[in-house]
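Across the two complexes that follow, subunit A remains constant while its partner is subunit B and subsequently subunit C.
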Partner chain A sequence: MDQMSDQTPDLKTGGDPEPSAAVTLPRNVLVIEDEPNIIEAISFILSRDGWVVATHSNGETAVEAVLKLGPDALILDVMLPGRSGYDILQDLRANETTKDLPVLMLTARGQKNDRELAERLGVNKFMTKPFSNAEVLETMRALVEA
Partner chain B sequence: MALPFNILVLVCLAYVVFLFLVAFGADKRASQGGSNWLGLPLIYTLSLSVYCTAWTFYGAVGYAARSGLEYVTIYLGPTLVMIGWWWILRKLVRIGRAQRVTSIADLISSRYGKSNGLGVLVTLLAVVGTTPYIALQLQSVTLSFSVFAAAAPGGFDGVDLSATALWVAVGLALFTILFGTRNLDANERHHGVVTAIAVEAVVKLIALMAVGIFVVWGVAGGTTEIAEMITESPISNWNINPGRWAGLTFLSAAAFLTLPRMFQVLVVENVDERQLATASWAFPTYLMLMSLFVVPIAVAGLNVLPPDANPDLFVLTLPLHYNQQGLAMLSFLGGFSSATSMVIVASIALSTMVSNHIVMPIWLSARRDEGATVSGDVRHLVLTSRRLSIGAVLLLGYLYYYFSGGGAELAAIGLISFAGVAQVLPALLGGIVWRGAARNGAAVGLIAGFAVWAYTLFLPSFGEAGIMSAQMLTNGPWGLEWLRPRALFGLAGLDPVVHALFWSMLINTGAFIVVSLVSFPSPLERLQGAQFVNVFEHSASTKGWAHAGAEAEDLLIMAQRIMGADEAQTLFQAQASDQGKGGYLPDTTPDFIARLERELAGSVGAATAHAMVGQIVGGASVSVEDLMAVADETQQMLEHSSQLEAQQKELTTTARRLSEVNEKLTQLSIQKDAFLSQISHELRTPMTSIRAFSEILRESDLDHAAQEKYAMIIHGEAVRLTRLLDDLLDLSVLENGQVQLYPQHEPLSFVLDRAVAATSSLSAGGIAIRRTPETEAIGLYTDTDRLAQVFINLIANAAKYCEAPAPCLEINVSQKLGELRIDFVDNGGGIPPESQTVIFEKFSRLSDQAAAGGAGLGLAICREIMDKLGGTVTYLPGQNGAAFRVTLPVAM
Partner chain C sequence: MPQSRLTGSRIRERRLYLGVKQAALARGVGISAAYLNLIEHNRRRIGGKLLNDLAKALAVDPVQLTEGAEDALVGTLRNAAVRVPQAGAETEKVEDLAGRFPGWTSLIAAQHRRIEELELTVETLTDRFTHDPQLAASLHEVISTVTAIRSTASILSEGQDIDPEWQVRFLRNMREESRRLSDSAQGLVDYLDTGTDLETTPLVPQEELAGFLSDHNHHFPALEDGFLELGAQIAQLVSGSERLKTGEARTLAEAWLERYVEDALALPLDRFLQEWRRVPGDAAALAEMFGQPLDRVLRRAACLPGEKGADGNGSRGPGLLICDGAGAITYRRPVSGFALPRFGAGCPHWPMYHALARPGSPVSGLVEMGGRTPKRFLCLAIANTFGSPRFDVPPLIEVTMLILPEDEAAPFGGRAAKVGSSCRVCALADCAARREPSILSDAQ
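Our next item is the complex of A and B:
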């Protein structure tokens, strides 16, 4: 509904002054998710770890946002208004600039065929909600260091 | 000198007490299981003597005195049936047992596809046909009392005849209720009553023969003397009318098979098929003995007694004339026995029919929504309804007696009744010998025959001052000669009974055959038809139910309520152990359900049992096995090429229906998967926030404000989860139909007030609500709490989704086309046409914005609630905003 905030994602810097040991440079991460509380939680965890977090909550304009922001990694929800996470992932993999972008998919639909579909489309990591904060952090670090 | 009246009453009471003891003893013996003599063919044969009512006991002599030997036809019909149509009787008894038939109405209903309509029809016919006959019995008892009264020393003018009849009726009702509705066992047999009837049969035979012997050897002085008297009397001169003889013989044969009381003793009370073999010679012998002295008594009466003496009472007045008090008393008891045994058996038979075909179906359909079969004491209800029916049947008989004045000749009423119930014959015989006999044919034949009977015989019998005017009888209605009730279609000159019998049976049978040929029976009807017609080959049961996941426990609960706990548990346990299972809950295989249905049919009739099991088993009444069986049958019928086309058409339709059902099932399965996936998503989403923030709270040194904020988020998400679960449970209860409604009286305005108040406190009060109080002053009787829940949902939705700058919701109430309409119209952008029906589906939030709260179940719940309340909730397009219409039937 509130389209303005989707098109101009706000970058949040970490609230925690000391960057963590694992991530040496500030990394940019874009979180595509439509649940405000989940956005808030992920932003908090990653910011505290030294990430620069941008968020976007509309499926239709998600690919544009990725291309415009050029993040180092992407956290992608599956069930988004407008367009599904799978479609977005497929577009990103088809695009030269984003075909190797590390993507962590988070979904509340944790069935076997969901995971298989995501893996076929070239996801780097697939996690089912609810997730453990520590696991998300570790995964994100691993994704950008690989 | 005659007996004092008091002694007569005393002897009567003593006799009744004796019968009570006999019935009680037999019942007790039967319940102890050691009742070998109850199954004796002799008892069965004697119980068939309910055919010989007071009409036969007193009336046959009167008949002979008036019309000579013609009375023999009344005995000839049953004799021919017993000897010549033995195989029909055997077939009826076999069918009766195989299908657990409870009455003739039940047999007809069961044969023609368990159609309760036919059951009702036959029941009504039986009640109309039997009521005059019961009146006749009351009349005969009363008349015989009056004979004693007249002959008593000093007379006793204080004896009121109609009061006597009333006392007799009340006494008989009590006896019948006591022994006819003691239990509701599966085979529906009344050992006590049958034994008492057998005793009465002996009493009336001895009485009549004693009077006969007295007349021959006591009055006339020997056989040669009586033979001379007979030759000299007018009885031997009267010539025989062949048409009337044939007609009456046919009539009594038909009545023997179709009279409700005869069906009761012949088929329902039959313990063992082999008893028929004995009865086939023993009962004609009984009838022969009963008729042996009729002519001598009639001749002696005509010779000895004054010319104004009522020939119908010769059996009683002859002994009194010769001051033979003991013999007169015996004769009186014989007549009393004849009357009471008929009334008892007839009222048992009629009450079973009325209760099974009229009371139970009404009760069942009235409580369809409440799962009637598993709630309430059905057993108690069945017994109560039978008791009330017995009372009602006897009351009807008494009223008929009271209003008809008891003036008509005894035999005339008997013949009219016979002709009425004989209308069942074509449907009965056709049903057991002709597979093509169809329900529509039976119904049309019965109605037509019954109508002709009523028009040509029953209504004219009330006399010219009665329902039909003398003008109408001689000139026909509206002067149409060919419609004259006693000369229909110009067929004049016949005896009225033969005339009525001829036309009613001809039209009845003709309509039955023609309509059966042109109509097409349903699968269930055809299956039942095959079962009945081929009862000797088929031992297999009708497989009436698909394995539709019937709950064994529900069935057990229902069966307990009808058959009694012990019997039901025994049945279920036996079935379970047959299936190799322990406990009381067998798998609900089609076999078991069919068996259970038959057991229940023994208590409440086939149609009702089918409907009751249907309420629990649900789903289609025709299983795949049914269809296969019908298909087999179809194969056999291929040679009947005229039917082939229609057959195939029906099979195609059935196949198409099957594939439609299959498609629907597949779709349901897909929907179920989607639903589960949705639930998973809706549950996981709030849980994700809860877990993430609880980990954050645990790990970090947060300032107080952040702690507060995150705790609030956790709290909010927990509330959301709870609401989701509540909604899910609510919806599930509503969809399963297990929801209990609590209707109450409340004005609509109050319900709306409550809804508005509830939503304003839910922080959704940002929307202005406009109402028109004067239209809302409508009293409702419904579950208003549920209705308020619907209103709350609609108001909350408007508050959440209306994006107008000054959101406003109008609530308009109107009444049109028999329904109450409550419209909720907001001033927002409305809902696009393609989504207007989708919104009522589960999880169909249009915006996918969980922020709007709720899980997208609100409207689905609304729809279910309105469905349960008998109303609707729909989207109302074209209102310049989102608009929902709630309707309720105005009758509420």
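Our next item is the complex of A and C:
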């Protein structure tokens, strides 16, 4: 999955999201992650929550994908093929159009140093794998409503 | 003549060995038995005529009474005291202590050495766990798989209606990820099982080569003696080594031994050894004397017989590092106290990297390797280009650095630059070149 693609699942029978909990307006989120089954699970839960989900898997072209799509929020993996999530975040913060983009960073490395590096680069939220679906949803809602 | 307070212990030991009574020896040199008793128990320091008289009466050279293996013991005790300054050890009385309680002080010294060995093991383990690319990739795969399984299982177990097509899809994902997790976990177990012996389990061909060279103490007498059958000798050395398990390692070993032969032919052992001992460390003078490039002299100096490095028997021979233009270490002969990372690049403050920025210009640098017991080294480095020069193509560069440990009896003059090993296990504070935070609590 090396190109940006709309991965929003068909959720006709996915059940209505909780009105009080779900995002109030359709929001666009871009998930930059290279594990297909993690992408599918995240896409599913976010879509069911009312998000419009797009995904991208290549670190090298990730910044271009963000600029092209202009999402309301970003979920960003750290270890990506081609380029690390830290480098991508640094570029986004240096760009006028994405400097304030809410970013949730996901990583298998949860050491203090990794968290501090992400915070220095301007991440909004840092979450270590494995995460809970509920935690991801709550964080994303909080990021766009802040 | 420098006096050690342990001189008395040596006098007593020698007297007992000869079976001479204390009173008889005292009478023979014109002092009282009580005074000799004080001397023998290191309560009085002696020198000059009395020392010479005692040495003569005991049929030994005076030097044998003032210098000995105890110096190493005292040095180790001093290092132990420096490591734990809050203990307030009376370092000025260390020789008294060693003289009066040789058994206990030997125990302290042995435990100090053991602590240093264990700390080195911890550093090696830490270095491995933080820089081993295979382990990092393996753990990342396990966590990614667990993440996918957890997230998918959570969706399926929420109890909400899910389209059957999606249910099938998620179940298939679960099966795939479970199988992948099983394989990853098994691979990880296999890897850790085979990696329990950190010092002998090579991960890359360069480590196989390092083990092979260490087995031979980096010196190959069979390749020193002439021009005949050198190719066959190299083939025999390589094929006969159990260390060289992979074809890549054997290729590396052959290339290194061919280079060794070139060096040996250009710098014949007997003459080079003689000159090296005459002007130890003066590599530039030897290069000029033999009409050979400096890097060859540095390599040769690190491969002399009897000059054991840290991978030998812990003696104080020189170490050698060779790196390529990217700074990656391609050859290493460890030297005691100069910590080397198992993976990744070394410390940017090493003179080797200064030389890398100035090809063709020899660089020397006095450095102090940080650690619990800092040690000083004189490093001699030269960067050379190799291969045929081509327009608009960057030259290939190789840096050779000889590492000469400080002789405590003849310390290097001048101020040493503080250096470390890998940033992860380096405690240097306020280091502008730091690449990553240190795990050591006293680092900043």
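To be clear about the criterion, the second predicted complex is superposed on the first by the 124 of 146 C-alpha atoms of A that agree within 3 Å, B and C clash if a C-alpha of one lies under 4 Å from a C-alpha of the other, contacts with A are read in each partner's own complex, and residues count from 1 in each chain.
To be clear about the criterion, contacts are C-beta pairs under 8 Å (C-beta built on N, C-alpha and C of every residue); 3 or more make two chains touch, one makes a residue touch a chain.
Keep in mind that what you see is a predicted model, and the values were worked out from it rather than measured.
In the superposed pair of complexes, A:I42 makes contact with subunit B and with subunit C alike. Once the two complexes are laid over each other on the shared chain, residue contacts for A:S132 go to subunit B and to subunit C alike. Applying the stated contact rule after C-alpha superposition, one finds that A:P81 touches subunit B and leaves subunit C untouched.
When both complexes are overlaid on chain A, the residue A:N113 reaches subunit C alone and has no touch with subunit B.
Looking at subunit A, you'll find residues 35, 37-38, 40-42, 44-45, 79, 108, 129-134 touch subunit B in one structure and subunit C in the other.
Across the complex, subunit A is touched by residues 139-140, 143-144, 146-152, 154-155, 160-163, 166, 169-170, 173, 176-177, 436-437 of subunit C. Only residues 1, 34-38, 40-42, 44-45, 48, 79-81, 108-111, 128-134 of subunit A touch subunit B when the two sit together in their complex.
Touching subunit A in their complex are the following residues of subunit B: 677, 680-682, 684-685, 687-693, 695-696, 699-700, 713, 716-717, 847-851.
Listed in rising order, the residues of subunit A touching subunit C in the complex are 9-15, 35, 37-38, 40-42, 44-45, 79, 108, 113, 129-134.
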